[in-house]
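Read from first to last, the chains carry the letters A, B, C and D; within each, the first residue is number 1.
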Amino acid sequence: MKVDDTGLLAREPDETSYLTAGTTLRSWLLSTDHKRIAILYAASITVFFFIGGAAATMIRLELFTPAGDLTTADEYNRLFTLHGVIMVWFFLIPSIPGTLGNFLLPLMVGAKDVAFPRLNLMSWYLYVTAGLFTLAALLLGGVDTGWTFYTPLSTLYSNSYVLLAAFGIFVVGFSSIATGINFIATIHLLRTKGMTWMRLPLFAWAMYATSLVMVLATPVLAMALLLICGERLLGLPIFDPRVGGDPVLFQHIFWFYSHPAVYIMILPAMGVVSEIIACEARRRVFGYQFMVYAMLVIAVIGFLVWGHHMFVAGQSPFASMIFSFLSFVIAVPSAIKVFNWTGTLYRGRIRFSAPMLYALGFVGLFTLGGLTGLFLASIPVDVHLSDTYFVVAHFHYIMVGGAVSAFFGGLHFWWPKITGRLYNENFARSAALWLFFGFNFTFFPQFILGYLGMPRRYHEYPPEFQVWNVMSSTGAVVLAVGYLMPLFYLGYSLLHGERAGDNPRDATGLEWTTSSPPPQHNFHEPPVVRSEPYAYHDWDEAPGDADETPQTDPA
Amino acid sequence: MSSTPILVEPFEEPERQREAMVFGLWLFLATEILFFGGFFFLYAVARMQDPVGFAKGAARANLLLGTVNTVLLMTSSATLTVAERAAQAGWMRGARGAILATLALGTAFLAVKGFEYREDLSEHLFPTSPAFPFSGLVGATRFWSFYWFVTIVHAIHLTIGLGCVARLLRLDLPRRWMVAEVTTLYWHFVDIIWLLLWPLLYLVGP
Amino acid sequence: MAGTSEQRTIVLGAIGIWAALFLLGASSLAYALIPGLPLKLPAALVVVVLQAALVLGGFMRLGKASALVRTTALIGIVWLSFLFMMSFADLWTR
Amino acid sequence: MLPEASTLAPSVDRIFWGLVGLSVLIMAIVGGLVFAFAIKYRRGTDAYRGPLPEWMSREVEIGWTVSTLFVALFVFWWAAAAQLPHFLLPKDALEIHVVAKQWMWKVQHPEGVREIDALHVPVGVPVKLEMTSQDVIHSFGVPAFRIKQDVLPGRYTTTWFEAKEVGDYHLFCTEYCGTDHARMTGTITVMQPEAYARWLSAQPHGEDLAGEGGQLYTALGCSACHGANARVPAPSLAGLYGSQVVLTDGSRVTADEDYLRESIERPEAKVVAGYSSTMPAYQGVASEEQVVALVAYIKSLDDRRSAAR
């Protein structure tokens, strides 16, 4: 213990903190410590986020004017394919599970590590290998099929590096599966004494639901992509319409994965937001059990709604009706979650910290994203809107406004735990507000564009759409600047930030009972859980006193 | 009795570790079911579209070699089961012998498959071959696409399985028989897939 | 060291299951090769299901596994049925 | 604002704006509550903060679950009910054939007039589009009509509209189809029926579609076997369209456009009971447009026979 220059009592990083337990490159690259793997993931997804973001910026710059003057059609097609592929598989899907999930899940359930630490390391290597394949495809000249790889464009007509990219995604799928298996096994078998299912933090539940989807959806994508590889590499005509192949079948197996994949992105975000809101509002999560069941229901029904991507694809009206119906049904658990987050604020003692701003932003943006989902679940409206900018805006509200906001919120929330240092709260709050503003500025006009009929994936467009495109592109510049801001103040915090205490947020979870940053083996003694996850009880303590019961204490 | 099993981080008791390994492997097998399931789905649709063409194509598949392979794989599953149970019971001579037998049978499967491929190719039974006997025939062409695709994917699975089984020989089996147990599970799964492929590729009648 | 009786149980058990698998396979082959019999594909698939059950129960000891493991084994099949059901809901009504 | 230029458009817009209203309402509720709570319960206020009674969270929870379920099912019913009539294709519609290719729309009127990246239609007449693609998936989307339908290779897809207002409207390819996807656009020109008739007669007329098919029928050698005097055993095509055909394996199919097309391109796929598969495959021999014409001719055989009766 020593008094640092701020005059506060702060602990030097533990001798055996996971950060100091070895400083060689080898000790990082061959570490099986879930916390180090989380850091490896964090570094690599950041790289991919900025690659994908650069592509997005180029796309929006091109769309400032109706003519295709900044890029050629081919370059534009390669840019949006790159943006989609990178953002979906190399950023969004591994983002929260790979970083926060890996770091926090074992801590939250009171385990020393995930169930299969070496598999966990392998998952990162698979991710990196896959990333290299995909980047190779990019450097050699790109891929122009869109992230959906629809046949027969991808198999017979595209003259680009489809094989490399498809193989890259095939490999990254295994990384996802490995993470999923690890998390499910960890939650089932490594919960510490007293950590019953109904005492699991919602983030752990979110990881459980996400992992289910990862494990059960990804292999079908793997098969779809492998068939594309087989068709391109060996010429086996599997989807070839000339021998009776049905392009709609590819869409079925593609969306069997790719719709649940949306839930791989949003369920972890829901978990993060639940943690942040409960802690920052100093309030027990409203309807904890409903929150749990809602996530599980989303994970299961999420598998039965993929056909709403195919209302105009030549699917039978009967199937469209069923898929439409189930898509409306899945809106219910999502709505339950939104209401419960709102309800959690009731009678709280709310701190407007940066993570809380991200979380509240998430609630608004996710709600709008979800509501616009109802438009796309209604067949007649979807026929008009599908493949227009309305769809683009809708899924960006879910994936950027939802998943990315939550990722940033979670990153800030657990930053003191992960790095052992505090960041500048004012900078962080400004960045959160800036991003919220920039996001809406970018994507709200796209709803209007979509209703007016502007198709997506157009690098040229009729001039009457220009007003809204200029708005959206201007917003994108604001957003791009916003995403650079955390790099600076978080980078500064990493090197010069004030030391954080063990539990700077006065939170209840097991992860906060360890030192910051946590020791290599997480807990010196296996912790024993004696109470529910969100025992914040503001009313029986005078302000200023501890108003939370850690999970290790009896309620 | 067998000696104390080796514990791997983060486990503290052997029973828990074994449960986790078996559970983890079954989770993986669930993904494999869905992986091959995607294939079987496409196969089912294609076959329903043109059952006659499928049968025409399948008539040229080498039933003898396919059946020999089925028996080889079935037998290898039995020998690997012996190996696993012997390891668990501490009967190391038996375990080693059975593992070697499994390796021999698995390799024989791949060798037979190789012969079969050579024969298929010499008969131009590859959809892109210029002399493909069924060119223009929808069902038969798709049958042969599926045949090549799935047998190659299965052979890759089997090769990985051979690697895993071979690794058992280098392990301290009396203390790590759990590894043998999960390896066996994977091997049996690859066997079941073949048991399903055999009628779908070789016994296709009109 | 394990006694010989235990060794014999191990080997004989495996041989027993192997023999059952072999006989099932042979019956499948015979049924497929005899011309004129109806429902060849369903018959072959029934045999495969029986064989798979033998491998799962006898070799993989699914029957003795924990409820968790048995559920996991089932879940793959259930999710696969989602793919088949929903896709065929489209294909059969086009 | 986007014109409502088809009979379908108002019903789509009704649901669209209804959903906008619902969204505004829910956003107002959620946003309003978040703001109100954020202000009232911010740190430092002396608002009451006691525990919630157990029953409260349960009742509230069940309440909003049931009410959102009700709203969701209501919207489903509303949208589905509006869609059902559009699933039924109108009888006696003007039938236009569309062949899509990278990156062009080829359109053919029943009278044989062809257009590229343009479609002229009369106002107030239901128009049915029979579409297929020569290469990849495209999509025929007309925002002003609120219609959109993917155009698939190897299959026919159909959609229809009835234009309500004279004018020029955008036609977009709305399924990404490769390099010049953004240039695969066209114009739908809606005209008064008289103007349409004048326009039609001013166009260079080919043979009408069925007539063109009739010439191909001889030129490609179809008549040599399927003709009335052919000596090779081949099924007669008169009255085939729309009938039930029994195949060699005993199953029955309806002889629709897809069947006719498949049987021209890949005759061995579905062989009529009692015949052997001796017909050569026309895939790659007959172009997509020629197949369209042949199918039109075979369909017309049906018409002529029933007219003769």
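Here are some notes:
Here is the rule we use: a residue touches a chain if its C-beta (ideal position, glycine included) is under 8 Å from a C-beta of that chain, and two chains touch if they have at least 3 such contacts.
Everything quoted here is computed from the prediction, not taken from an experiment.
Counting contacting C-beta pairs between every two chains, the top pair is A-D. Separating the centre of chain A from that of chain B, both taken as means of CA atoms, is a distance of 35 Å. Taking the mean of the C-alpha atoms as each chain's centre, chain A and chain C sit 39 Å apart.
The distance from the centre of chain C to the centre of chain D, with each centre set as the mean of the Cα atoms, comes to 44 Å.
Multi-chain contact residues of chain B, defined as those touching 2 or more other chains: 19, 23, 27, 30-34, 37-38, 41, 45, 49-50, 138-139.
Residue positions 68, 75-76, 79, 83, 87, 91 of chain C each touch two or more of the other chains.
Across the assembly, chain D contributes residues 266, 269, 283 that each touch 2 or more other chains. Here the touching chains pair up as A-B, A-C, A-D, B-C, B-D. Note for the complex: chain A touches chain C at residues 188, 216, 220, 248-249, 252-253, 256, 303-304, 306-307, 310, 314-319, 322-323. Put simply, chain B touches chain D in their complex at residues 49-53, 136-139, 206.
Put simply, chain A touches chain B in their complex at residues 32, 106, 111-117, 119, 177, 180-182, 184-185, 188-190, 215-220, 222-224, 226-227, 230, 234-238, 243-246, 249, 253, 256.
Those residues of chain D lying in contact with chain B across their complex are 248-249, 266, 268-271, 281, 283.
Residue ranges of chain C in contact with chain B, taken from their complex: 1-2, 6-7, 10-11, 13-15, 17-18, 21-22, 25, 28-29, 32, 40-41, 44-45, 47-48, 51-52, 55-56, 58-60, 65-66, 68-69, 72-73, 75-77, 79-80, 83-84, 87, 91.
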